[in-house]
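Chain IDs A, B, C, D, E and F follow the sequence of writing; residue 1 opens each chain.
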Amino acid sequence: MRQDGRENNELRPIHIEPNYTIHPEGSVLITVGNTKVICAATIEDRVPPFLRGQGKGWITAEYAMLPRATAQRTIRESSKGKVTGRTMEIQRLIGRALRSVVELEKMGEKTLWIDCDVIQADGGTRTASITGAFVAMVLAFKKAVNKKQIKAMPVKTYLAATSVGIHPTAGPILDLCYQEDSSADVDMNIVMTGQGEFVEIQGTGEEATFSEEHLATLIGLAKKGIRELISVQKTIIGDESFE
Amino acid sequence: MRQDGRENNELRPIHIEPNYTIHPEGSVLITVGNTKVICAATIEDRVPPFLRGQGKGWITAEYAMLPRATAQRTIRESSKGKVTGRTMEIQRLIGRALRSVVELEKMGEKTLWIDCDVIQADGGTRTASITGAFVAMVLAFKKAVNKKQIKAMPVKTYLAATSVGIHPTAGPILDLCYQEDSSADVDMNIVMTGQGEFVEIQGTGEEATFSEEHLATLIGLAKKGIRELISVQKTIIGDESFE
Amino acid sequence: MRQDGRENNELRPIHIEPNYTIHPEGSVLITVGNTKVICAATIEDRVPPFLRGQGKGWITAEYAMLPRATAQRTIRESSKGKVTGRTMEIQRLIGRALRSVVELEKMGEKTLWIDCDVIQADGGTRTASITGAFVAMVLAFKKAVNKKQIKAMPVKTYLAATSVGIHPTAGPILDLCYQEDSSADVDMNIVMTGQGEFVEIQGTGEEATFSEEHLATLIGLAKKGIRELISVQKTIIGDESFE
Amino acid sequence: MRQDGRENNELRPIHIEPNYTIHPEGSVLITVGNTKVICAATIEDRVPPFLRGQGKGWITAEYAMLPRATAQRTIRESSKGKVTGRTMEIQRLIGRALRSVVELEKMGEKTLWIDCDVIQADGGTRTASITGAFVAMVLAFKKAVNKKQIKAMPVKTYLAATSVGIHPTAGPILDLCYQEDSSADVDMNIVMTGQGEFVEIQGTGEEATFSEEHLATLIGLAKKGIRELISVQKTIIGDESFE
Amino acid sequence: MRQDGRENNELRPIHIEPNYTIHPEGSVLITVGNTKVICAATIEDRVPPFLRGQGKGWITAEYAMLPRATAQRTIRESSKGKVTGRTMEIQRLIGRALRSVVELEKMGEKTLWIDCDVIQADGGTRTASITGAFVAMVLAFKKAVNKKQIKAMPVKTYLAATSVGIHPTAGPILDLCYQEDSSADVDMNIVMTGQGEFVEIQGTGEEATFSEEHLATLIGLAKKGIRELISVQKTIIGDESFE
Amino acid sequence: MRQDGRENNELRPIHIEPNYTIHPEGSVLITVGNTKVICAATIEDRVPPFLRGQGKGWITAEYAMLPRATAQRTIRESSKGKVTGRTMEIQRLIGRALRSVVELEKMGEKTLWIDCDVIQADGGTRTASITGAFVAMVLAFKKAVNKKQIKAMPVKTYLAATSVGIHPTAGPILDLCYQEDSSADVDMNIVMTGQGEFVEIQGTGEEATFSEEHLATLIGLAKKGIRELISVQKTIIGDESFE
């Protein structure tokens, strides 16, 4: 049995609050169990140097945690004067995942900035960030389409992410909270589209290894979870069919 | 008349939500008009090197804004690799203000960390931070007293802060929103105690100067505002008389 | 009684040596008791990005101490790789103060750089810097007006600064030396113009608070000191009436 | 057909030169096609703070490229003053992969440092680094066992890595060179043990997605490649059965 | 007698392997005893800002050591986030030395980057870098002349460098290995041209001093060594007479 | 003829003002023509980690210029967040030179810090720094001997430095001012002791080379200059024979 009484294939309660703050072009507060992330989308009227003059857009993400998002206070990266490797990995992952479901050519020479700021952490902050950032991005694009800043919705399909893992006592489980994650032998983050295709699969044995059978089981759990996450996203942005 | 219809001596609507997040020893979400700040208090079991062995505590603060707390996205200080002068001024101010109403000897050799993270900004973020941080600090100290980690409440009196200024059309006003602040000739932040004593007064002519009469008027406005802010704080922590 | 035998309302001996070094457009060595600061003014033919194309000038200041300006050697900020919060606060204050008495439009698109380097410190380095920087600035502007680089003197009025404070034994005092400053309960820096208007008031209770009566007494002391400082400035630049 | 005439399931020529430099406890030059990496292993007699007193060792890795390892010169990270996100991802991956096949308890309180320096790059530098680093690590551990610094070989099984991907014209391919990697739709790095277990799977759609069938095909290719890589490793360290 | 049995005026075995890596315009691996340095030359089609529009080229060098080039592992400068004083001195020396034998006007507005990366260190890495970098530079210029990117070979004469020193037991010696260098009283690096002119002399007493007679002896040793180094360079690039 | 009418073998006017500031253990203002440097010596009661427990002292130096020490304002190294290569070279040179005339064993486990801050620059700032720093160091050691903090004067002999060079029109010259230095073909800094021994010789062809005859002439000029500099030092510290 899992510590919070969930079934092995059960997500934590999900809530997505759209337009959470007033300034960004799109924003949400996504809640996954005790994990809470503010995702804000900003559209900027230029692209990074390597893309200039190609008529194409770009999507980039930044991720951070408030110092007391965690049980122990963590030092601010601004105080340390540098961004940790973990943060860089996560923000590269979020950007890459969003770009995989967007036709960058349809954006024109614009950059979409996604800021994911974790207000409260209890495991799964990177996958909650992707799931919430997708909604913030769509809200921002809708506004830009309405204002004729972008001709048509550049998003091709839904996108969501979750974690799966193998726990020494519970076995293969979906949507790990922090305590489960700390003791898991294998930890895998999976990002999938509304069509059931993979965008990213990152599986890691933590001082452990795993077999092909384990991989198959974990992918099955993730597919169920991502379908449910996308159905929550649709309650917010269901008027968009992306076709 | 002010742009949002307020009287010159009128605060914006204030709300303080205690225990806003689950991990910190004390936390609030303070809302002042459209300005929203999460204030979190952490108690750490050691003091900075310059205080070791003196049996005395310390209070230090950090302040940051989410990139899209503002109308235009601001670059993260962690990406720039350094903290701006403005941020440093504000976090030094918050720490100093809180220390002025605490008997550090009563804390024992502990450090209280205050993290003020601006979720949404519309002027007055530093004064809202102080007003909210005071409540978060008291909540954390109460918990520490209950757990016998600290012998007695080390806080001596209430503490709150507000801004006042001279606006070219509205004249002397209380609690400036961002647009008022941008066009004010004189901008003053005042921190006061529950006994009506000053803790900090920072008045600045922005490419302008001001007279002693102006100073007297502004102080009068600030005193009214701070009394009202303290009465809101008392609705949360009113069982503490600090005597 | 004060440790150096001064009256409570007495400044330390002041000396301003103009054209102290040969390269800057304007420079002084200002001596306030044992505090010595070299103030150098540089005029640069461009403005920061946020002002370009507005036909307006800008004034910015930098402040530093030699490592052995102090009784204990302090580590160079260049060795630490970053500027401390205290330094940033001071250089922002100096720049703001100078800008308040200059018509930036009259400068054209030029930047005036002020460098204040403390050669020897004994309290009051930031106020000595402002008082000296004002003279260095006027010397630089005079040279620029003579060379027709600027059409007319852009300075509107004199500007000087001093510190006042409340000392546990001496009571309210003017122009604190380092030892007085270290033990003061309240410490206030005041910047005023030749017309007796305030430019900046920064009053701080150091783990202490202060009343409105204290504030009035301290302002009275500061006004007397600043009048005297301006009369010393006039011995150097008295041919300028700024009207 | 692939640009260099290889079959889709064919590795590039592999060569591992042991004891490539004289100073490290273990070192190799690994050559995979035109990719060349120096892997050096250092044993240090202490562990990071979070492990002290647990009687357990640690393995950490650093990765860098010479500026002209690449077709265009890349700026040194030391000149930029910071390590890029890509470098951090790679060094975290190498360290994690090696730790998964080592019994850290058997190391005692020692740290194994792995330095992977890319002398010449043509795709697959991170997987070549892992494959080479494994050999350098084993050589260093053997020396330490011989010198009685470590009681017994702490390595549990062989470890190697390769890349697989889906190329728009060639389809699913093994061991991508730089040009193939730049145009691939899907790029996957796989780390496996001598027992055929997964240690790490990192699959990424580059502005593209992939299906479960694709995943199965890619895993098949990777398994073949890794078996061959391990047989090359065995020619160097074949006297160790790790059992 | 010297520890490795050499005569006092004897160089260690020298080997220069041209075209060591495939990407740079010119590259060598230079081996001087146990010291091994990869020198790579890159030609870039622009000059630094201070030279723009003068029709003249520039030569700049960077130098680094792999962490385990040395007997004890040294921390990467990228991890420290800054380049040490020693590295800066060496890269400034290499750039200056190469510029002294090149007619920068003949290069056109191009920059030659030299990267010297020490793979294995045993004393004399800076002089080996200069000797090797000269060859890499000539190889790059030859290629550029062949491709008509540069009109004529801009190099005026050969250039090489070596170290000399005074050892407490061996006396004045040529080409110090690491252990000799660590115990030498005087250490001197000399860079000379094919015409026997000095480019650079850097002689240092290490907590010691030296007389004019010592200086004369050391210069004599260096001249012999540099003649021999240049004869090795000529075996690689002997078809160029530089006249 | 030289631009300021000096003979080729003539120093600029030298002045050394001892005890220039009140806080350091030893300090001077050294003036060499228009070059002015404050040299301050601090004695600290510990040594760097690599010397601990050896009963030996250490000497280290820092060097900086005020931004307007130069004709064009230079950016502060603290603002850039790093120390330039030129500064590092100079501070390493100053420290090394002073250590060569001090018996570090006689210092006990203390560090002597030398701070050289250039107030006004007109060429030869590094050699003026060494000449002035020597006096500041001796003043500090005398005070420490008087206070019984050090048993005996650890200095073995006098030490001074000057520059020599070959100028395209004036030929070989002593003590170059900035304008001479900018146009010199060869530039050499020489540090010598009171016994006429070399401590450091750093000769550089600036896009030029030089012969052995040139070297001999330059050394002759430097010896004359350094004898004169030492006779000025003796007017300040002549009661010390260092024997």
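Going forward, a contact is a pair of C-beta atoms (placed from the backbone, for glycine too) under 8 Å apart; a residue touches a chain by one contact, two chains touch by 3 or more.
What you are looking at is a predicted structure, and each value in this text was computed from that prediction instead of being measured.
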item	value
Same-interface partner of C-F, chosen from the options B-C, A-B or A-D, over half of the pairs matching	A-B
For subunit D paired with subunit F, centre-to-centre distance based on mean C-alpha positions, whole Å	51
Distance from the mean Cα position of subunit D to that of subunit C, given in whole angstrom	60
Where subunit E touches two or more other chains at once, by residue number	81-83
Category of the chain touch graph - line, ring, star, complete, other	ring
Traversal of the chain ring from subunit A via subunit B	A, B, C, F, E, D
Subunit F residues touching subunit C - in the complex, by the definition given at the top	21-24, 27, 34, 36, 38, 40, 42, 44, 62, 64, 66-71, 73, 76-83, 87, 113, 115, 117, 119-121
Contact footprint of subunit F on subunit E as seen in their complex	82-86, 88-89, 91-92, 96, 99-101, 104, 193, 195, 197-212, 214-215, 219
